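Each of the next two complexes has subunit A plus one other chain: subunit B in the first, subunit C in the second.
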Partner chain A sequence: MPSRSLSYTRRWATGRTDRRVERSLGALAVVVLVFIVAILATVLVKAWPSFSHNGLSWFGPGGNVDTQIRAMAESKPLPGHSIYYFRAWPLIWGTLLTTIFAVLIALVVSILAAIFLTEFAPPPVRRMLDPVIRLLAGVPSVIYGLIGILVIASYIEHHVISEARKASVAYVVQLNGKDVMTATLILTLMILPIMVAITANAMAAVPLSWREGSLALGVNRWRTIWRVSLRTARPAIVAATILATARALGEAVMLAMVSGGRGFAPNLLDGITALFEPVRPLAATIFENSEGLTIPALAHTVYAIGAVLLVSAALLSLSGWASKQRLKRYGIRA
Partner chain B sequence: MSTAQLASAPPSGSTIARAPRERTNSWPLVDRVGYWLCWTVGISLCLIALAIVLFMLIKGISYLRPSLLVRSPAPSQVQSQSGGFLDPIEGTLLVAGLGTVIAAPLGVAIAAWLSEYARPAWLARTVESALEIIAGAPSVVLALFGLLIFAQNFLGFLSQRAASGAVYGRSFFAAGAIMAVLALPLIVGATREGLAQLPDRLREASFALGRTRATTIRRVLLPAIRADIATGTVLGMGRIIGDTAIIRILLGAALTIQPVGHVPLIGALRGTGSTLTSYVYENSPAGEGNAPQKAYAAAFVLLLIVLFLNGIVTWLTNRGGQSERGGLSRAFRLIPYWSRLNGP
Partner chain C sequence: MRVHRTLTHRTVIVSAVLALALAAPASAVASKRLIIDGSTAMLPLVQKLATAYHKAFPKIPAPKVGGGQTDIGINDVASGRVDIGDASRDPIVGQDPEGLVWSKVARDGICVITNTANPLPNLTQETVQGIFTGDIRSWSQVPGSSLTGPIDLFDREAVSGTQDAFQDIFLGETLKISPSATQESSEGLEVNAVGADKSAIGFTSFAATLNGGVHTVDYQGIPCTLANAKSGQYGGVRNFWMVTKGDPKGEAAKFIDWVTKPGNLTVRKIVSSEWIAIH
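Let's turn to the complex of A and B:
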């Protein structure tokens, strides 16, 4: 029976190839996994000296953070402190301010935009808005930064901030339009597309019959959207917010260009003036100090900032992913 | 009823039953305010995008000269002598090409494994969450990691060595490799999205014909999702082209391409240089050059490339027709992938 043995051999052979393919593809995946774990591990290891010298005060306030960074860059320890002395609070506060403001504004705007896109926009408008949002998502951050620094910052400096306001804080900071306000506005525009996309996708996936049921009960369109569509899409909105927060945390280039580049912690109790004061978020600090990585102390500090960002972004990514799993309970894939 | 009428009628189930115009007269005031807020937001988003494009277009047309595209940057205080951005354009192509060449096959392979094999399950889940982490990792941090890795002694052949033997760690190789990490989640995401949409009968038919899983993937599944793979690759390319942080950290501040050694392509890859994004940054008031006209001109070229890639994505995803979900385009549904994996 030559033919039978032949077919047996062939099946055996191909079965083996199949296993081999599975193993090699799996091995590739493992290589990538190892690579990703290596990223986490090396950044943390490299960051350790900075954390161990400063302890938890690393995250706290204390002194001028720009002076501390300059001391490291020049390898001249500040009097009475080790070379690693670093208090990141102004940078963390700058990150929190820009991120939280931007995410809050974007949350409101993105929900309205998603409702408009999925429910109210007439088809021609929808066909226009759809590529518009994709364009906003695709514009490189350096272009946003360029427009921010050359157009928005100078407009805010000359037309929004009054001379009296500038004079009132002139002995502490110079208000030049590169500030929390400019950074927040552009950051909002940058994270908006992701939030609109995730929310609109989830809302479009809400079963039509649920909405029809509500409409048939005499509930008007707006309340149907609010109580049925938006309520069903809530996990997606949570996910969108978390993911947009991660994106805003990691934005470096645009913020380095428009946030003012000073490790300054605006006091919100100063009211509106605080919004016109410069900050420098964590990611922008890494970006601006990338030239000095040959200096050990500065390098460890920069990697420590990187580790903080990496860990927070990782936690946010994973919780964003987890919160989207709840959508699957409704049988919605968004 | 003629066939022409049938063809012109909207396909059943493709549109949500929708009143021609929303009648809001009977709504409570709060609801009406919400309705008009939606309109305001929608229209202002369009206006903002239009303003950005028009502004860049006006600036681009007024500052872009053909000579800028063919001349190398030169160090000079005088605007007319500081050259153009030929090198940054070449650098952009170099990084985008290298990053895509690394990321595309790797991404498709991982997506195929995750979607079609995924055994053992715990390993697949770990790989998934690792990709999720990498998709959300800030690109500055990835760049920091790249600098650390490529400055290792055994990777010295990918960049250059100082006389003391220290490895520089900054090169197009390094930038391209880290850019591949940036593009990987996009390609994995788009490929998996495509694989998830293929009906199971396709796989079953192939198995019934005696094909193994591996052959099915290679001969049936991957050809069927070519458009999705291409979409992911183009999106990844767009992300690579738009990134500044990795370029600035892994290529340094030099504006011209500075090859190492004399082998044409390899030498350039081992050397440093710039891309359009880092050129824009260096020439903006934030950088050292401070030549806004040059920055606008380069940014305009960059925006044109992005718009072109956007157009390719639209073309690739619209070939299958609009998706039935509320009339949103398939390309729109991929936006979350632009910045992270976050797939099904």
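Let's turn to the complex of A and C:
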């Protein structure tokens, strides 16, 4: 019976290690979950005073948001208001403008780039471009910020914004190249590589037989790309867009450097001039005021901004998941 | 079954040990730790000093430093809530609580800067106030300027100590910087922005002007240099104080003595990185 007992021991031993691995992996997963819940709870609890003092008008317009932040930093409430008085609309509007513009531009460019990469690029070109795109996706955002401030912002200030345009709004806001336009351009540059990489991967995974089938039916190449490849890759395109939007929403350092550093809400009815007006998105506001975390009112406000970002990131991934459910039926999985 | 039980036991023991290990240092440090609060403008300096102090005397826990406002620090130290209050303004007789001792630890100075293409010779307090509050909007209204056209104002973010110093020294209690000014989030970005825009004006600490790239403007006829700031001639300077209830005692005395001791190179190096040393 020695052989039987040996195999028994071995099985017993592997069973034990298996169980150990299973348990430690389970513990790790639980830790991640606990961590997320803890972060959410902390942020919401610390944010509560700011929301409860302002109610829903927290999200609305009213007064100058920079003056309100300054009042909190100096612990001197504005006349007639509580120290918590805060109207975040200019910051929210700045976030919406930069994020939506950047994601829209990046969506169009990334789809076209992915089509080129998978359908037209000769193999040597693709072999060269693939790692370059991956590298671009990994560049830290501070670097983009530096390029933005040293190259793009000063170019826009000196060669794009005319003196007449500057003078036309000089009494309301000063234009100096750090604006919606610069922020959007750099944000686009920053999120583009991920979007191209994910979309191109998905398009390359479309079964060859589907495309051949379409071509065999006499459909031309462009229509095949449009109706077969792209359509199948839709879940991946949604995933890429969600990922890119989340990154754009959460970007703080780069935007603090190039967006203009003023809680100003550009009026789109001003036309082109609105694009040259400064904004300061939510995440950049957190970054700039992190030094003031020891001041209670300001700290609660900063946490409230964080809570808004956290909840919108959660909603974003939820809506991405929901829209993918429908698309999955027709597409390949991504 | 047996294996299962031992594993569970071990898990319990390990987590208990971990919990103890995490809880222990917290209770060990709780005794005799200096508590400091007050001026937010002094916060970065005092934090750096506290860290260096703990490094120099590893057995003494690093002081716990908070911010808020000069007046909060003064009231807290008077009521005994904290050991040291940081004050970035001079004492006001009659307004501040009685029985406080003020020890000067450093000075804080501000230079007004313009683009090198606009080497403004001098600014009076009135002109500085006019420009930064937005009353003067064009360079043609500024005496001594060769430029015309709108002035580009550069400010710092609300929580910046440099912003607080500028507001305090040049504008006083009632005036405010025009909200149309662009806020830069660091000294480097401020100098860079003024250096890149010929119609710009801004302000920085002394240390940030040393590397050039911008023009430093004389204030009330006195050049903005370290020597003039130390001699007291230059007007754009304020004092940093550490306030105690009565003469500093015990741990507070040790810390303040270490900070103010002439010839303490560690302190001098920290202070002169952004501020002005007193010795």
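To be clear about the criterion, the second predicted complex is superposed on the first by the 299 of 334 C-alpha atoms of A that agree within 3 Å, B and C clash if a C-alpha of one lies under 4 Å from a C-alpha of the other, contacts with A are read in each partner's own complex, and residues count from 1 in each chain.
Just so it is clear, contacts are C-beta pairs under 8 Å (C-beta built on N, C-alpha and C of every residue); 3 or more make two chains touch, one makes a residue touch a chain.
Keep in mind the model is a prediction, meaning the values are calculated, not measured.
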item	value
Side-by-side fit of subunit B and subunit C on subunit A, or clash	clash
Greater subunit A contact set [subunit C / subunit B]	B
Subunit B versus subunit C as contact partner of A:Arg70, first or second or both or neither	second
Subunit B versus subunit C as contact partner of A:Gly26, first or second or both or neither	first
Partner chain in contact with A:Ala113 - subunit B first, subunit C second, else both or neither	first
Which superposed partner A:Ala256 touches (first subunit B, second subunit C, both, neither)	both
Contacts of A:Met128 with subunit B and subunit C, given as first, second, both or neither	first
Touching partner for A:Pro140 - first (subunit B), second (subunit C), both, neither	first
Which superposed partner A:Thr42 touches (first subunit B, second subunit C, both, neither)	first
Partner chain(s) touched by A:Gly292 [first = subunit B, second = subunit C, both, neither]	second
Clash-bearing segment of subunit C, relative to subunit B, as chosen among 92-100, 128-136 or 182-190	182-190
Subunit B and subunit C footprints on subunit A, overlapping residues	149-150, 256-257, 261, 287, 291
Subunit A contact footprint on subunit C (complex, rising order)	3, 7, 37, 40, 43-44, 66-69, 72, 137, 149-150, 152-153, 157-160, 164, 176, 179-185, 189, 192-193, 196-197, 200
List of subunit A residues in touch with subunit B within their complex	14-15, 17-18, 21-22, 25-26, 28-30, 32-33, 35-40, 42-43, 46, 109, 112-113, 115-121, 123, 125-143, 145-147, 149-151, 189, 192-194, 196-198, 200-201, 203-205, 208, 220-223, 226, 239, 243, 246-247, 249-253, 256-257, 261, 283, 286-287, 290-291, 293, 302-303, 306, 309-310, 313-314, 316-318, 320-321, 324, 333
Contact footprint of subunit A on subunit B as seen in their complex	16, 22, 24, 26-27, 31-32, 34-35, 37-42, 45-46, 48-50, 52-53, 55-56, 106, 109-110, 112-114, 117, 119, 123-124, 126-127, 129-145, 147-149, 181, 184, 212-215, 217, 238, 241-245, 248-249, 252-253, 277, 280-281, 284-286, 292, 295-296, 299, 302-303, 306-307, 309-310, 313-314, 325-329, 331-333, 335-336, 338-340, 342, 344
Parts of subunit A lying in touch with subunit C, wherever the complex brings them together	16, 19-20, 23, 64, 66-67, 69-70, 72-75, 149-150, 154, 157, 163, 166-167, 170-174, 176, 178, 256-257, 260-262, 278, 280, 287-289, 291-292, 294-295, 298
